[in-house]
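Across the two complexes that follow, chain A remains constant while its partner is chain B and subsequently chain C.
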Partner chain A sequence: MLTLTPSKKRTLFFVAMGWALLLIGDRIGELRQYQGSFVAMYALAIGSIILLTGYSGQLSLGHSALMAVGAYAGALSINNLHLHPVIALVIATFVAGLFGLLLGFGVARLSGPYLAGTTLALAVSLPTLANQFPILGGEQGVVFDVGLPPARFGENFSQYKWFFWISCLAVLVMLWLISNVVSSRYGRTFRAIRDNETAAALSGLNTGRLKVLAFSISSGMAGLAGGLLVMLISGVSPSAFPLSLSFSLLTGAVVTGVYSLKGVMLGGLVLVAIPEIADSLVTRIGGSEGFTATLPGFLVSALLILAVIFAPNGPGKLLHSFKKHG
Partner chain B sequence: MIRNTRMKRFSVVSAVVALGAMVFTALPAQAAEPGLTSKEIKLGISTPLTGTAALSYGKVPGAMKAYFDFINANGGVYGRKIKLVVRDDKYLPTLAATQTTNLVLKDGVFALVAALGTATHSKAYAAASLATKKVPDLFVNTGFSGFGNRTKYPTTFTVLPSYAMEAKIISKFVKDKFPGQAVALVAQDDEFGVDGVNGFAAGSLSIASKTLYPQGYMNDARAKALVTGLSAIPGKPVVILFGTTDVTALIFKAAESLSLTSKFTWIAGSVGGDSNTLLALGVKPTTIDGVVAASFFPDAKNTTDQYVKEFTKINAKYNPGVSFDNIVLQGMNSAMLTVQSLRAAGKNLTRAGLIKAIEDKGSTFASAALVPLNYSATSHIGYNGYWMGQLNAKGELKPYGGTLSIVTTDSTTGPITPSTFKRPSMPKNGIPTNS
Partner chain C sequence: MIKLITTILTALTTGAIYALMSTALVLVWRSTRIINFAQAGQAVLSTYVGYEITVRSGSFWVGVLAAMIFGALLGAVIDRFFMRPIFKRIKSGPILMIAPVVATLGLLGIIQSIIGFKWGLTYQSLAAPVSTDGYNLFNRVIAFSPFNLLVVVFATVSMLLLTLLFQKTNIGLALRASAHSPEIARLSGIKVDLTRTLGWALAGAAGGLAGMLYIPSSYLYPNAMDVLLVFGFVAAVIGGLESLFGAVAGAMILGFAISFSTSYISEKLFFPMAFILLIVVLLIKPAGIFSSKKSRRD
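Let's turn to the complex of A and B:
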């Protein structure tokens, strides 16, 4: 029998996912392609939180700001440097990663609520800073245009399918890289620091440097997610990165199970589904416009509380414990 | 054991993927002409319902719905009732992009109407692929002349005169009425403001001081610094405010607190000169008294005007509790233009047919404005002129110098000419019967 190493299995799994998504992309309508792109983007952003919190034990409430860094970097490279959108997305990843690295050095000594507080301040302040620099376009922001799909795909190849392809491919590649990282030596050292920083330091690990590394990788992932987000809405502006985005991502991570990258797609699905559910609820029971505007936030908060009470380790663990006891 | 949990996890993931795939595939395919049945025409609007911009423009969808309800109660358009789907974009470009996409993809509207804003709608137009989907994009509430670019915005019809036209007309007005006075221009640094700045250049107005600021930049302290700086200009300078109403209000309030309101002759552009909103934002009536502004509509308080009279009646019945003002007038007028467009496109309504109908017959539609509509196969810009007026302390706009003088022009270097336009009379009982 053919034996596969875990890393080959992982690669095979991602290739299979890619094939599945390619087939799915052909069968669904434009709306689902658009929503699917959002699911992929959210999955990546949630993955960045899981890597940081679940694997390296650091808590960030400021990932929306890191996404904004990537998004602006990508938009500026398209508009001002006239680079190819794919390169712009790579730049988004690296600039956000670099920003995370610098930030990581600054906050490496902080942990728990202090780190959460610092990153929260970042999420509040960073997007509004964009208003101070005319090159960032103020409240109206700057355009992020990936352009029309290549003509060789034919006339029926819609913009949304193009978005779907770009998002899914970018997210699969990134998650494949990250899943390799977390199952490597680095992943083990991250987990060692998470479980007991003192013990990890005593075993000879440079905990400060590793924490900064985790922060930087996580920021890079968030930056790419930010770039994808503004690609989907054709432009980047401070309003694309509200504080509530950080909280939604955190909820997504908690709902998925913060200790494993495996369920990020579920988290993405939940975040895309919530406004839909809110919409249909409002249509069914009737209600004011203000009600529609606030209901998604309420649902996200409620979900976070319920997840923390009933399934703090994610639905996978919950199912597992049901089986054990039941 | 390890392999076992791995397999388990793998199967959970694949189950989720399969579930997702099933949800995705269980969707109906799109019909040939979305949003259209034999009984209904579904239209969509993305506009602010909450936030500062909603203070003034939040009334537009209600006014349009009221007029559509009135038409529906009188037989609809060739038997079809009009349904208006409203989505709140808070006047944020990012939200406008997703809400417009939602209108097209999720709500499946036949056409979009009366979207608000330049930055918001230019992002939304691209994000929702309106050009490739050929979705009619009717009567956008912006004067950005860039929307007249037929290659980039093939399905868009704007309704307001362009900002460039407005700037040219204001230029001539200032040169005629305030010769020798220094002119200061304060404009928003985006497509909207820059469109205006180009218009002032085309109108060859010499500007002593020009301030461009990004949207969201102005606050109390900056407004005070700006007004203090402008007060150093000798004489009674003419200050032209070419930004949104919230910024106009900030600058007026800064001038109030510095006791400098009477140091300047104020001219507020059409976007930032809505008196009701200025008063609601806390500007004193004495400050507004005497401010010069441009308009292309009759005053909404003038009930001797046949359009205002008929719309006021419809508003009282179908939009109860909402006072009739310029914004309601604009909303109802756009709704009436929409009904005439749908009628002009005939019983076999198609998206392409609707666009063609407006190009062919749009310039003859009945409308409340005192200036002509400019639609043709080569122009998708709506009104093309203005009259200059002066606000009184109640916020009413009265013709400058007592006599109404309407002028028309274009967005580039064309001349400014007095208008000889005869406004079509209001259709009987406010119900269009055109075809």
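Let's turn to the complex of A and C:
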């Protein structure tokens, strides 16, 4: 019998996921490919929240701003430095990570409401800075064009499929890296700090430095997700990163269960599916303009509250407790 | 000279509104250790109620009273039938840290959707009871109107009343005791759960007043108070989250910082200034300006 180490199992899982997504991408229509790209992007962004909150015990309401940092960095490297889109996405990751590192030094000693307040102010103020610098294009923003798919894929290879490939590949590679990080020594130390910061410090961990590290990694993930988001909507502007995006990500993280990265795809699926469900509900039952515009927000909020009340530790733990109690 | 006077008066007006919001947030934080993001929704819903009453009765003052009473009732109901049951279920783990945030954010969304269902997303305007045209100063019209003066006076009076309530009455003593040490307060015979709910009710009334004073210079729509929530929160954090004095002082500092930087440097600094101020304050004192290390509990 072939035995595999956990890390090889993980790698195999991600390769299998990639293979499955490759097959799925060939068999679905353009709309589903486009939505699938959004699911992948949201999954990564939710993963960044889970890494920060579930693994290292910090709370951020400012991840929409960190996504904006990555998005602008990627857009500038394509438009002004004329780099390859894939390299631009890598740059988006690293610039956001670096930004998170600097921010982390400022906020790592803050906890609870102080951290929430600072990141909230960041989420509100950072996108408005785009108006201060002409290079960022003000309210209109700048284009983010990854170009047509390479000619060698053939003429039937659509733009949406190209988006789908880029998103899925980027997200799988990033999540594979992160899953290795959280199962390494660093993941253990993050969890130790989350569970009891004083005990972790007494055991010789440099808790401040580790919290900054977690914040930085999480920012890098958010930056890549931001780059993918503006690739899908072909341009980056302040209005693409409202505060409500941060809140949606938090919703996704809670619905997925903040303890574990395993369900991030589910969270992404939920965030993409809810507006669709709301749309179909509205076309079926009709209603006023106010009702139509408000229904998606209502469904997200209701789901959030239900998740907090009935499955505060995520659907996985809920099933587990059902099994235990019969 | 005129510019300086206008800037100071604008700072006072905005600071007064921020102070009401930050006070509401601090009242809830002190009594329940929850940052109430739903405050924006509660305040705006109370303002809608105040708006309806104002339209029906023809009197702005009856509307203010209605908004404050409704705000207080709504706050009490939310604490008693929503927050308390949730926190009975959640005892530990990382979710404990984000559960209050997530629960109140969810509630904010629900309240704003209910407003959308009922009143729609259109902008409504609420007429001010006194003139909103600026005063004349040295033959020039300045950006400070009789209504702005009314806002400052109302905010100041309500702060003074709150301070009297906290410092001079038995209810205030119970509120302070439960905030400072719930266990000991409970042993001394104070109904801690009841004072919690009272804290939420006071906060709700303050939010309703903030809405009625803010909306006449703006418009009424479901998200009308979101920006105020952020600034009220920033002000509360700057002030240290623990004391009413800190909340008011933080709001005034924020009001002055924003007013001066937008009128003397660039109008676009409106949002960034709040963040810059917050970062500077927290780098120097991680628990806000008016907090002693001892009083800070997580």
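Note that in this section the second predicted complex is superposed on the first by the 323 of 326 C-alpha atoms of A that agree within 3 Å, B and C clash if a C-alpha of one lies under 4 Å from a C-alpha of the other, contacts with A are read in each partner's own complex, and residues count from 1 in each chain.
Everything below uses one rule, namely that a contact is a pair of C-beta atoms (placed from the backbone, for glycine too) under 8 Å apart; a residue touches a chain by one contact, two chains touch by 3 or more.
What you see is a predicted model, and the numbers here were worked out from it, not measured in a lab.
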| item | value |
| --- | --- |
| Fit-or-clash call for chain B and chain C when the two complexes are aligned on chain A | fit |
| Partner chain in contact with A:A240 - chain B first, chain C second, else both or neither | first |
| Partner chain(s) touched by A:L172 [first = chain B, second = chain C, both, neither] | neither |
| First (chain B), second (chain C), both or neither touched by A:Q132 | both |
| Contacts of A:A45 with chain B and chain C, given as first, second, both or neither | neither |
| Which of chain B and chain C A:V270 touches, first, second, both or neither | neither |
| Touched partner set for A:I28, first chain B, second chain C, both or neither | first |
| For chain A as apex, the angle formed with chain B and chain C - C-alpha centres, to the nearest 10 degrees | 80 |
| First (chain B), second (chain C), both or neither touched by A:V69 | neither |
| Partner chain in contact with A:K262 - chain B first, chain C second, else both or neither | first |
| Distance in angstrom between the closest Cα atoms of chain C and chain B, superposition on A | 6 |
| Footprint overlap on chain A, comparing chain B with chain C | 131-132, 289-290, 293 |
| Residue numbers on chain A that touch chain B, as the complex places them | 6, 9, 13, 17, 20, 24, 27-32, 34, 36, 39, 131-132, 134, 137-141, 143, 145, 148, 158-160, 230, 232-240, 260, 262-263, 265-266, 269, 289-290, 292-293, 316, 319 |
| Residue ranges of chain B touching chain A (in the complex, touch as defined) | 6, 9-10, 12-13, 16-17, 20-21, 24-25, 27-30, 49-50, 86, 88, 90, 92-95, 97-98, 101, 105-106, 119-120, 123-124, 126-127, 129, 132, 189-190, 214-217 |
| List of chain C residues in touch with chain A within their complex | 29, 35, 85-86, 89-90, 93-95, 97-99, 101-103, 105-110, 112-114, 116-122, 222, 226-227, 230, 233-234, 236-237, 241, 266, 268, 270-275, 278-279, 282-283, 286-288, 298 |
| Chain A - residues contacting chain C, complex | 53-54, 57, 59, 61, 106-107, 109-114, 116-118, 120-122, 124-126, 128-129, 131-132, 194, 243, 247, 250-251, 254, 258-259, 288-291, 293-295, 297-298, 300-302, 304-305, 307-309, 312-313 |
